[in-house]
Amino acid sequence: MAKLETVNETEVAVLEPELVELAREIAAGERSFHRLPAELDAATAAAVRRRALELRAAASGGVLELRNLGAFTLDAERAATRHCESFTGAIQVPLGMVGPLRLRGEDLERGGEESVMVPLATTEGALLASVNRGCRAITAAGGATVWVDDVGMTRAPVFRTRDLGDSRNLVRFLEENFEEMRVRAAATSRFLELLEIRPLVLGGTTVLARFRFLTGDAMGMNMVTIACDRLVRELIEPATGARCVALSGNYCTDKKSSSVNFQLGRGKRVIAECVLDSGTLERTLKTRAELLVEVQLRKNLHGSIAAGSMGYNAQFANVLAALFIATGQDLAHVVEGAMGLTHFEARDDGAVYASVTLPDLPVAAVGGGTGLDTQREALAILDVKPDPARPGAAARRLAAIAGAVVLAGELSLMAAFTSNDLASAHERLGRGGSERAT
Amino acid sequence: MAKLETVNETEVAVLEPELVELAREIAAGERSFHRLPAELDAATAAAVRRRALELRAAASGGVLELRNLGAFTLDAERAATRHCESFTGAIQVPLGMVGPLRLRGEDLERGGEESVMVPLATTEGALLASVNRGCRAITAAGGATVWVDDVGMTRAPVFRTRDLGDSRNLVRFLEENFEEMRVRAAATSRFLELLEIRPLVLGGTTVLARFRFLTGDAMGMNMVTIACDRLVRELIEPATGARCVALSGNYCTDKKSSSVNFQLGRGKRVIAECVLDSGTLERTLKTRAELLVEVQLRKNLHGSIAAGSMGYNAQFANVLAALFIATGQDLAHVVEGAMGLTHFEARDDGAVYASVTLPDLPVAAVGGGTGLDTQREALAILDVKPDPARPGAAARRLAAIAGAVVLAGELSLMAAFTSNDLASAHERLGRGGSERAT
Amino acid sequence: MAKLETVNETEVAVLEPELVELAREIAAGERSFHRLPAELDAATAAAVRRRALELRAAASGGVLELRNLGAFTLDAERAATRHCESFTGAIQVPLGMVGPLRLRGEDLERGGEESVMVPLATTEGALLASVNRGCRAITAAGGATVWVDDVGMTRAPVFRTRDLGDSRNLVRFLEENFEEMRVRAAATSRFLELLEIRPLVLGGTTVLARFRFLTGDAMGMNMVTIACDRLVRELIEPATGARCVALSGNYCTDKKSSSVNFQLGRGKRVIAECVLDSGTLERTLKTRAELLVEVQLRKNLHGSIAAGSMGYNAQFANVLAALFIATGQDLAHVVEGAMGLTHFEARDDGAVYASVTLPDLPVAAVGGGTGLDTQREALAILDVKPDPARPGAAARRLAAIAGAVVLAGELSLMAAFTSNDLASAHERLGRGGSERAT
Amino acid sequence: MAKLETVNETEVAVLEPELVELAREIAAGERSFHRLPAELDAATAAAVRRRALELRAAASGGVLELRNLGAFTLDAERAATRHCESFTGAIQVPLGMVGPLRLRGEDLERGGEESVMVPLATTEGALLASVNRGCRAITAAGGATVWVDDVGMTRAPVFRTRDLGDSRNLVRFLEENFEEMRVRAAATSRFLELLEIRPLVLGGTTVLARFRFLTGDAMGMNMVTIACDRLVRELIEPATGARCVALSGNYCTDKKSSSVNFQLGRGKRVIAECVLDSGTLERTLKTRAELLVEVQLRKNLHGSIAAGSMGYNAQFANVLAALFIATGQDLAHVVEGAMGLTHFEARDDGAVYASVTLPDLPVAAVGGGTGLDTQREALAILDVKPDPARPGAAARRLAAIAGAVVLAGELSLMAAFTSNDLASAHERLGRGGSERAT
């Protein structure tokens, strides 16, 4: 079979003369790289930009040929206007699959048991092979149970006051006008529901107020920012005289590790668990319960304590990064998802109880990158589809799957440590080995 | 101009009958999804897998059409063997450009001044427009100065001993045999240089040993894991009787926020600075020095302190995630990069000194995803090319650019807070606005 | 005047022969050091113990003469039974005074302004002189304003369950039976009021439940421990089948720095503020507003961020330790009090706004060491006296004074840094200088 | 036996008329409370101050009788000049004993085994009884082994520079002039030895430099502050042009929890361990190995992780506070000592391995409060006596004992959780029970 689905690279170079001239002007700095004539469609503008980059490089004696960045099927117009300004092309990230992964929980099909194939996109060899082994172990053990708590998305404007008296007034205002704010927030989006405002006075004149909202199937950052903006400008500032210094005061906390998120949660709070019997441990994971318990203690607890880390786990970040790229999530949210705890307990007859706790997992089933073509297909593979009748259900489903696949990643890597094959996996798979891994 | 460079979607569906049958068997669970016949090339295997996913969905009453995942120009064989097991297709992430960004530093062209265009891949609207504004401000101010400290890549095996006496023996062994280990490590790769071993005894019987290496232009995780494995198996365990519980003991710390990395660094430690005069502040950033100083204090310091965060910044993670996808970095390392401090000081005549400190930035100019076609082109745009005569220089160059573009992102977003246009940017750009942003 | 109030040291040695024999037997290991004949009063038992220690030392060739430990006026019987088992004598800690310190706040005399003299006990020369200077500055500036939030005392039992399902049941039980628990807790002490139960599931089978109570004028640890014990044994365990692994699960958090306490508070949450004009800054503190702002930034913010500390202040711990010894507080609680933030803002005409935020300050006006004779006198100097009509008011008063005196300590030490006299103060006062400091 | 060693309280009130007049003037605000006539000896000045406080209270309608604060045997002159300005009396803290406690280690008698009685001063009932039970368990098990690492005392001045270039120059200067600084530091005290300077650039223009010194038997804060002051003023500032913003930049870190101290240590780094067989566990501690392991996991690990704490232990702070008061240590250092990890491992035949790791324990055998009379006697009971021939040995001895007694405290309290008697101990002992505890 020929490479039916890949781009014909010979077609890449064709650009009409006036567009080449446009590219030249950009390369020469005579025109803005970013602001191209409005009549150009987005794909053409991207082609001009790529050519301008090539010419720019040539001008300084370099050779630059951009043969692949222009190969895309995504909707260029949409990408350029909604996702990525100065749109120039597309990065391709290899996508593979792990599974079947059996799992159950309230947020899955009829609360019952399901078996899913999970798309992961990564450039790091050995990751999928490792996660897939974990999936096999979980599935052999009857599946993972997952609990998703829809904590909600948060935004914490930070205010400046004149003194303690004013700060206390502001806090009181927030407490006494919760209902008014709930109603006003709901007016900015029908998917938005204000759940809580948590104020904190620090330094006497700094007041942080952590607003927490349900946001349906959206990840919700934009929604809650817009709602907070309205509340701040129309209600809080006029009524209290406090000045909002920044709509995001880092007490949210967005895209940074943070203790407040670890404790109070953000996005979804997810726990996935399973029990593996000794046979599965031995056959699939080449390990034993007490070895897993020990690695957990020495590495994920003692090691992370020594390091001063909030990641008491082996590789949450690897698995989440791969799932987030595949499904069009905001990749910077991997930072939050990397926090959390793995746990193993020895059970009778050589079995092990295993779990992962992800206190802070912002995910979306609509909005952001989920609307891009390839990402939408990855979500479709997972059957993650927003249902107007059950707002939030699709995002919770995705969170549940994320929890289970993160559990798979932990099981496999932790087991690998006990049988000493981390380095050999790296040697085989990560550096150009020829086999196709399982 | 037609969409010359995009895939002909009508071609997607063609698969030979025996491959369709293969896909059916996989969908029915009669064959492994992962282990396909060896004679299939990787692109064909991917097509079979996609079809199997479609049939699997159909079997349970769903409709799944994977029209875009198969559209790629990346080298499927290479992707399947080196980057992503069970290779099934490619995710496309929109790529745009910011710049020109002027910067200088020892790791840049002749230590002198350069002007670069920076590729960023993201799905989050408004990000590039924002960062680009920061680039304009920096460039108008004469450029950013960047300092890159090549701290080195770390790996910290964790050992179990019987008691304090054994632990002390192990620590002593590591101290006394540093030279031997340096030589042995170097034998595993000519780019590897052992710089330090930092042992820590915790709990009496847990010993963590943080090995730190220079790794040339590679990010280095695989290299150092392999080297540590050799040292542990061939030297440390036999000589001391201590048992290595895990090759990675989380004191490394890999892909988790961590205080040890914040203090001691990991990968590159980068600081970028610039001074903006009042005119640039006003014209380009619509702000003033004292406003930036205040947002820094209330949001990035007070807010992050309240949150218990190690990210004393506005959006390091956003910018790094976009740069990391574009250039084929390990995305999970964004977790580490998200740590760090922004800083503003008012200077005379309304000017502001601005800086970003990134204590922990693992980046690569070779290896991992840098070898993929689109990613390699993005690196080429940045003129990041390993030079055997100067190992490590290309990775340091990339780190320097990362520092400057992160600074651009901070300047722009922090200024946006002061002029209250974060929410409006979200409304305009992130939710389907029609304009092409600057 | 002779040393009227000091002990006649020549009297120390007299012990009746049968008591000397008892001491000898103890020293020889023939009798327990701890369990002495019941007919001995506590002071005599202490004398026997001291003699036993002297004889024990002599037996191994040493010379030990305990001339001062026996010099006390505290009620030995009470000390031995309520405060300190195996009571053997008393440690004398020098007590000095700082003030007058002017302050105001709802928890002070009639919400109005007061001027207090504050007793501090310490062995560290220069501390009181420094704090006193801060008191002078505050008083000259018209006094400090203090806000005390009675967060309440916390205790967080930790439970083990079998799986996620059981954990969720436990959480639900706690939520649904709050009122029942509130009533039962109140039955264990009339000063106890249950305010909140905050559950957290971690690792699937670990459930922490942070109970928060008002405890009147008591610090409250004992009260809340007893109440939690009852609730756990009589209600929670029987109803849910969950097993309480420890009554204190460290999520309380008692006597350790902790992010949860920093954010949610424990004991009292206190903020004290004042505004100093440029004249006071110059005359009393030898400094200027912008210098204080800069030390705050570089030392208390940047420095503590670099250190990974939750103490964004100069010396909360020093001042609190001295106040806690003087007033009979639980000294280990200084650990919690040491967390918190100092803050300075430049105001018009060279003035400075200064504040301290203490998120976690457990203090008592009754119970614990407050009942000891010297400590009771120190509390009397502060006019801290429980009033049955206003439970909790005395403890809040103490907390308010603590906040103001901590502010004094920060002002003075921070100013000292700016005028470079920390080291010279250490040289003059801490190492045997002869002057009497102010 | 009469209360031979206690003060005759009837003597308290006698003050000569001119001193009463002096007290009246002070109470009326006509004279300074702090600056009394130079001819008054310290004890008399203290008596005048107490009377002034009584008169001050009377003036506002209150009744204040200070009968006990004046009862002391400490050397008032010394206390007033070296330890506590505005000296007014003494606080009495009950002292009891725990032990015998068997322990061994390089820093103990001939590296061999010893048995010590340990003085602890506290106001918190039940503490000594609990710790003493732990001592019995350790002693029954053959004693604790302790390792003391004399990390040294640290001080980290913080500098401000103009830009990154200057910061790098400063760092380079510190690296290149280490030997010069070592020599100059040694000249300020013959006990001082500079071990390391660890610089950290943050924010571009903030440079922290953590100086680490051996300080013999002194805790060393004063010494190192003075030495740093000299180095900064005479060498670093003149040579580099950098300005020292504060001699202590919180990266030291003094008297605050801090990750840098947890990792790199401060003062002494201490680990104490023991192995208890099942018989000792059952008889003395009423527990079993697996129960201790579980409490450790759920409480000290999971609970402290949930809390965001650096204290992965049960009650380090309680035990250290009691030992620090008894032996004249700087009480604010309990904040640092409270960090650290307890650890339990099940061993064969029902035995348990137990350890405590204290990364940061500043202690002194000379200087500070160690010179006060009662405190000196407590140190003498422990046979902690500086020996000029072995500088530092006495402080290390004290640190070793501290480690072992902290271990005793952990063993006993952790065991109490497993047998559910924490609350009942509080009820019996802490609230006025009549029995004399063991």
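Order as written gives the chain letters A, B, C and D; numbering starts at 1 within each chain.
Rule of thumb we're sticking to: a contact is a pair of C-beta atoms (placed from the backbone, for glycine too) under 8 Å apart; a residue touches a chain by one contact, two chains touch by 3 or more.
Note that the coordinates shown come from a computational prediction; the quantities given were computed from them, not determined experimentally.
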Shared chain contacts [chain A and chain D, defined touch]: B, C
Same-residue or different-residue interface between chain A and chain B, half as cut-off: same
Selected pair, greater C-beta contact count between C-D and A-C: C-D
Inter-centroid spacing, chain C versus chain A (mean Cα positions, whole Å): 44
Chain centre separation in whole Å, for chain D relative to chain C (CA means): 14
Per-residue overlap in chain C, given as positions that touch at least 2 other chains: 200, 202-203, 206, 259-260, 262-263, 297, 302, 305-306, 308, 310, 312, 341
Residue numbers on chain D that touch chain B, as the complex places them: 145, 147, 163-165, 168, 200-206, 259-260, 262-263, 271, 273, 308, 341, 343, 345, 353, 355, 357
Residue ranges of chain A in contact with chain D within the complex: 259, 262-263, 297, 301-302, 305-306, 308, 310, 312, 341
